[in-house]
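In what follows, structures are represented as structure tokens.
Two complexes are shown next, each including subunit A; its partner changes from subunit B in the first to subunit C in the second.
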Partner chain A sequence: MEASTAPTTAVAPPRAKRGGRARRILGQAVSTWRGKVGLGLTLAVVAVAFLGPLVGGSPLELMGAPFSPPGGEAGLLGGDALGRSVLARTLHGGWRILLVAAAATILAIAVGAIAGVVSAYRGGKTDSFIMRSVDVLLGIPQLVFVLMLLSVIGSKTWLVIFAVGISQAPQVARVLRAAAQNVSERDYVKAVAAWGVPPRVVIRRHVMPSLLSPLMVESALRLSFSIILVSGISFLGLGAHPPNPDWGVMINENRVGIAANPWGVLAPAILLAALAVGTNMFSDAIARSSLASGRAGDPSLELFVTSSTDPNDPQPLQEVPE
Partner chain B sequence: MHAEADSGAVVPGPGSPEAGGQQGLSHWMRVHPVTSMIVRRILLGVVTIVMIAIIVYAATLVIPGNAATAILGRNAQPAKVVQLEKELGLNEPVLTRFVNWAENAIQLNFGNSLGEGVAVTQREKATENSVTSLARDRLANSAILVAAAALISTLLGLLTGVYAAYRRDGFFDTVGSVVSLVASALPEFVVAIFCVLLFATSLFTWFPAISVLEPGQSILSEPEKLVLPVLALVIVVTPYMFRMTRGAMIEALDSDYVEFARMKGASTARIAFRHALPNALPPIIQVVGLNLLFLAGGIVLVEAIFNFPGIGSMLVAAINGRDVNEIQFIVILLAVFYVLLNIITDVCVLLVTPRRRYPR
Partner chain C sequence: MSAANGAGARPAVEVRDLCVSMIGSGVPIVSGVSFDVAERETLGLVGESGSGKSTVAVALLGFARPGLEITGGSVRIGEVEVLDLKDEALREARGELVSYVPQDPAAGLNPAHRIGTQLREAFQVHEKLGKNELRGRIEELLKAVNLPTDKQFLRCYPHQLSGGQQQRVVIAIAFACRPRLIVLDEPTTGLDVTTQRYILETINDMAANFGASAVYVSHDLPAVAEVAARTAVMYAGRIVEVATTEQLFSQPRHPYSAGLLNAAPSAHQANRLVGIEGRPPRPGHWPQGCSYAPRCPHARADCRQAVPPLAPTESGSLVRCLHPMAVSDGGVLRLVPSPKPEVKGGEALEIERLVADYGGRQILHEVGFAVKEGECTAVVGESGSGKTTLARCLVGLHTRWDGEIRLDGESLRQGARERSREQLRRMQYIFQNPFGSLNPTMTVAENIEEPLRHFESLSRNERRAKALEVLGTVHLGEDFADVLPGRISGGERQRVAVGRALVVNPEVLVCDEITSALDVSVQALLVEQLRDLQMQRGLTMVFITHNLAVVRSIAQNVIVLQTGTIVEAGSVEGVLSAPKHPYTRQLLEDLPTLDPAEQATAGGAK
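Up next, the complex of A and B:
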């Protein structure tokens, strides 16, 4: 529809349309119930995580006996393993997970998208080299890969971001490669390439814009998996360092007193659960709406919606027989 | 550049490099495509494991200090360190050391556990403190955990998925889809914590909250300690099974051959299990495989929550204690499991897809 209104020049400016398409897919996603619930849950948890530190009391001050009951001297949600306020620690303990997960997602998408698109566009040896590396990386469980890196180099925030990002990149590369293969086949891409435009420019200006919807779907999905991974790492004690409040650390610290004051575990667990469910539902809504908008331009997306729940590997489910 | 663009662009279909390679190989070998595919996958698997072994070994080289300082402690006399380095062969070039290590690894000798504080000077001999013998009982426990979770979730997911597909958009389907969407998003350790709160401490006290055992004791001797870890894994894994079975069954039920069977007057059960399910099997098998892969990683956190005596909690302990030998062993073990499972899944998919068994 938009294409037919601008028949004047051969090179239509793709940048002008990109923002509009992204907004349309997002708008459509938000209009579904999954999108509404998902976005609502995510925003609620994000608000708690970022506004919490402003209103919560001291997360480090000792307020009373360990695991003191809710409503007592340690505040509304009781005390934790050392007698600190569970409420204050819960309010302070989320922003770090969110920032680390977001940074890891950006890294995963950037590395994965570049690898996947270059692999699809270049083909040949570059393709097999990249895809074999992807196979190798997918040969180790994600969490195990991250733990291995952290155990060897030590638990540092940049390393958590790097490890989680790199462990997610192979899945992004697979999906984007499938999508980019389809786009590279199209006549307008071939025409530009035949014209002598360097591959880097062809990829950036002509292939990448068509990959918007798989990129959006992947970003949302990877964000939800990054949150799960990052919180799991903090739970195992390789993320945030002990005195600092962190939802994953809290669950680990307070589970010995789960009978005395379940809120020390329950509060962070509920917030993490809401965050994970919210981001996952929203990614599901984006996947559905970009599929419905019909401009997806990649063969894997349709299969991807059915497999979007898959934690390891959103590869196409059925190979279409030739 | 033009040629490059062309070769990248002209792609006959999905997964074409694989398909092309497979065709080429089968043409060249003149063998059945299933055989050539299996051979290809095994070769690729071997390459994968070798690469992972290199990564795992390289990781140990990055650690500040080496095995000698790790054994003798930071304050050891330099002369003693040098002597031990010589005994351990640490003064040899990296490649030699890697080959030695790999040779031992193939014979399942990953050295002694460093955590036990035993002298590791006799690296050649497997003692009772060797990593592999320490891991044996834990491996059995983990295998039981994974097998139980896989079996229950597969059956549960399959039956509920088929039923939901049959009563599409009905009450069960709607509720099931929402529940599976929520459950599939939850981190496994959060699910495990909720299980503990519900069934062990706060609401009911039916099962033990932690699964500690005597060293060497099998989990089967106290099966009640298995219940909650299995439940947590089943909750995390079943939704994928449910969604995939449902999707594949809906596709199959919409097909012409099912309509024909209906017109023929075949019974509901016969249509579901004789006509539709066999055709829905390939994606379902793939999901079973993926679920098993997920379980191999998922046991790490779940075992840590329940202090379950398996290799997942062993890995966490090894990482906290920086026990390099144990880390190497467990990571490679999981990688081998991954590769084998991928091959088995692919072969099974091939076996239930008759049209892909024959050369095109």
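Up next, the complex of A and C:
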């Protein structure tokens, strides 16, 4: 190397932290009021649903007269349509909805993301085929689709998960396809393609990891929709079977006695609403913080931002001649 | 140029101690910038990315980008103190007193309105004119910038015009209200050399005809040399040298100015380019004393004590350096001719009758050339000439082509997936934009290891060892291994991209405009590094560029591409010294050059 100036490395930029990106986005989301309230509500309901069965009494035992008032023989929140404790049933009735909704969300994200990303990366006929199928599914109202499946095959837990998951996959596919189209056009994906690497490897190693932010936002958003849908199905009597406690079932059973003991409807309704609002707010917070970190130089979203990733450092954008 | 010393009449524009800082932290971005611009004078403001030149440019309009504020100093234009103006008055001043031409002409025009509407608007914001008078003024203006004045043109939308025409419309709008000062912020950066030439001439004519002062902000030294009578060089938020352009480019006094000149390639001499190692300090991390001291080859102990003042020299220029370079040092500049690699016999890459189309339009017409082993062939052309399509055909990213591409005598299939692993390994591609070509979610080392995963079966440790070795080859060092690409500068990223290509020991390197996104000092480092590698490893290179000056420094052969057809091919020496095709001649003539002697040579080629 007879180059005149001795080429040395003067600067040692900060090392990358493993798994830092997801944590940073989540951390930033939690630091906003929206994220705090959202996560707080969600965690509170999750705690009730999963710790409740440990502390609540029997959800099936008949304690007193139907719709007996709160504080009476049926416990703090009174009795339900058959005289069972509303409190005990509320504490027992959430975990199933949460698990089913979570499983359905995972299914929706997995199917939707793969469909969307493959569609975007392969393009051409594959893209047309997948996206037209998505359009068809989007054309069927979600609830109608789910009810149709359940009424034909019968109400089974796996079918609820499947139906709710598949009915949401098209939305996920649409969002992820748009994001993946952007990433697929990036040079680093093309660079890998120029080595003759098979598409599925390119998608797995290079496209998917760049879609972290939209995946996180979609997951939280789909979870909140799944909760509403799953409890709706229970309400309509196609989910959990009586006499098992379930928030959706409870609202349906107890609505005739809403005047006598409103808590039979109110308790599960408040919890469901809090959960839906909480997850929704949290997904909103994630969306905002991933956008903000993108502006401040999140590597997955930045294009021409220079070395600085300090959000307080408005170093000018790199000039790109040509 | 009385303005330089402050003697004679008051200058038209006077900037004193301009300071711009970040809101909140108070970290300075621009510190103590002072200069004058005389009436009808164009001042060049030169600096590399992050030097604060654009911040100064917008501060002249009393504006600071979001997150920044002007914290002190004065900007006087005529009798008006711009920094004292408030809302309404400031808004009125823009256009009438001072106007601005942005880098991207599309940003200066509203895509939803016709050109005519936008021109009329430019006049009517400030004064009410009669219909006929208005038409007259617009016609006069369009003639001045050499655009058609007919109705049909006025009814065009911005997207119907070329980039050069758009930029001329923006310039016309900027001059519409005859402002005292025009601020041009890299107005030619996105344009071809030929268009750039028009724009530079237009700016010169307009400044002279309309009696305006101009500040021309650019990182492009030759372009500044074309338009500016005096030039100020900025580094890390401060002006480090102000001199007449002639003086600056023949006898720079500040080591940074000299460094910039040494880094700039020339189309007329094959010089070894000397880049500036290291990188400029980031805001908030300015070193004590002279900001340039850490990178300066002439720095002494006292340079690190305090910021040197911008002091006058005996040659009449102002220099912020305790030990300015002697006038005689100017002569030592750019003398080392670039070494020539050994060319072995065989042909590494042969291209015959290559025809390619894109979206139903034919891009390449029967292109054919051959590159000998160990040789570098430059492919030159303006945007739209098909040079990137050519590169993508070579590496199999563009699959819709016909003809013959042979690598070491083996005929290649169209797409990368149809080629053998060995063929793919032998030819590697480096992308234009280092900000997009590295996976942002992987560290530098992981990015370099990526091709190894595909081409070789190595253990994790072997891969890592190879990645570290290659980081040494591209002069980055192991410190960079575990850093995300988002954290390093463009030049550093491009070196990582080079390393990623080299790690599989290719024989042919296809470089697609790899220096066009980089500053000159960084470009110089990269070009020299590539040449060293070419010599050491006997690499064959296809170097695609729009910059004829770089060609001279790196390539042995050159191919000139115009709208998909080769119009001239031959040795660099032959083609650049005695171009035969009018298009090549035009390209060479339009290329702005630094020193008057070269300009004369370029003129002689006519």
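Here is the rule we go by: the second predicted complex is superposed on the first by the 276 of 322 C-alpha atoms of A that agree within 3 Å, B and C clash if a C-alpha of one lies under 4 Å from a C-alpha of the other, contacts with A are read in each partner's own complex, and residues count from 1 in each chain.
Just so it is clear, a contact is a pair of C-beta atoms (placed from the backbone, for glycine too) under 8 Å apart; a residue touches a chain by one contact, two chains touch by 3 or more.
Nothing here was measured: the structure is a model prediction, and the numbers come from that model.
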Partner chain(s) touched by A:178 [first = subunit B, second = subunit C, both, neither]: first
Of subunit B and subunit C, the chain that contacts the larger number of subunit A residues: B
Partner chain in contact with A:243 - subunit B first, subunit C second, else both or neither: neither
Contacts of A:212 with subunit B and subunit C, given as first, second, both or neither: second
Which of subunit B and subunit C A:193 touches, first, second, both or neither: both
Doubly contacted residues of subunit A, that is, touched by subunit B and again by subunit C: 190, 193-194, 196, 198, 299-300, 306-307, 309, 312-313, 316, 318-322
Residues of subunit B touching subunit A in the complex: 1-2, 4-17, 19, 44, 47-49, 51-52, 55-56, 59-60, 62-63, 180-182, 184-190, 193-194, 196-197, 201-202, 209, 239-240, 243-244, 247, 282-283, 286-287, 290, 293-294, 296-297, 300-301, 304-305, 315-316, 318-320, 322, 327, 330-331, 334-335, 338-339, 355-356, 360
Residue ranges of subunit C in contact with subunit A within the complex: 22, 24-25, 27, 29, 49-50, 52, 54-55, 65-68, 103, 186, 189-190, 219-220, 272, 274-279, 282-284, 294-295, 297, 336, 383, 395-397, 416-417, 419, 421, 424-425, 429, 431-433, 435-443, 447, 450-451, 454-455, 475-477, 479-480, 482-490, 492, 500, 513, 516-517, 519, 525, 528-529, 532, 546
Interfacial residue positions of subunit A with respect to subunit B in the complex: 34, 120-124, 127-128, 131-132, 135-136, 138-144, 147-153, 178, 181, 184-185, 189-190, 193-194, 196, 198-199, 202, 224, 227-228, 231-232, 235-238, 251, 255, 258-259, 262, 265-266, 269, 272-273, 276-277, 279-281, 284, 299-300, 306-307, 309-313, 316-322
Touching residues (chain side subunit A, partner subunit C) in the complex: 1, 3-16, 21, 186-188, 190-198, 205-206, 209-210, 212, 297-300, 302-309, 312-316, 318-322
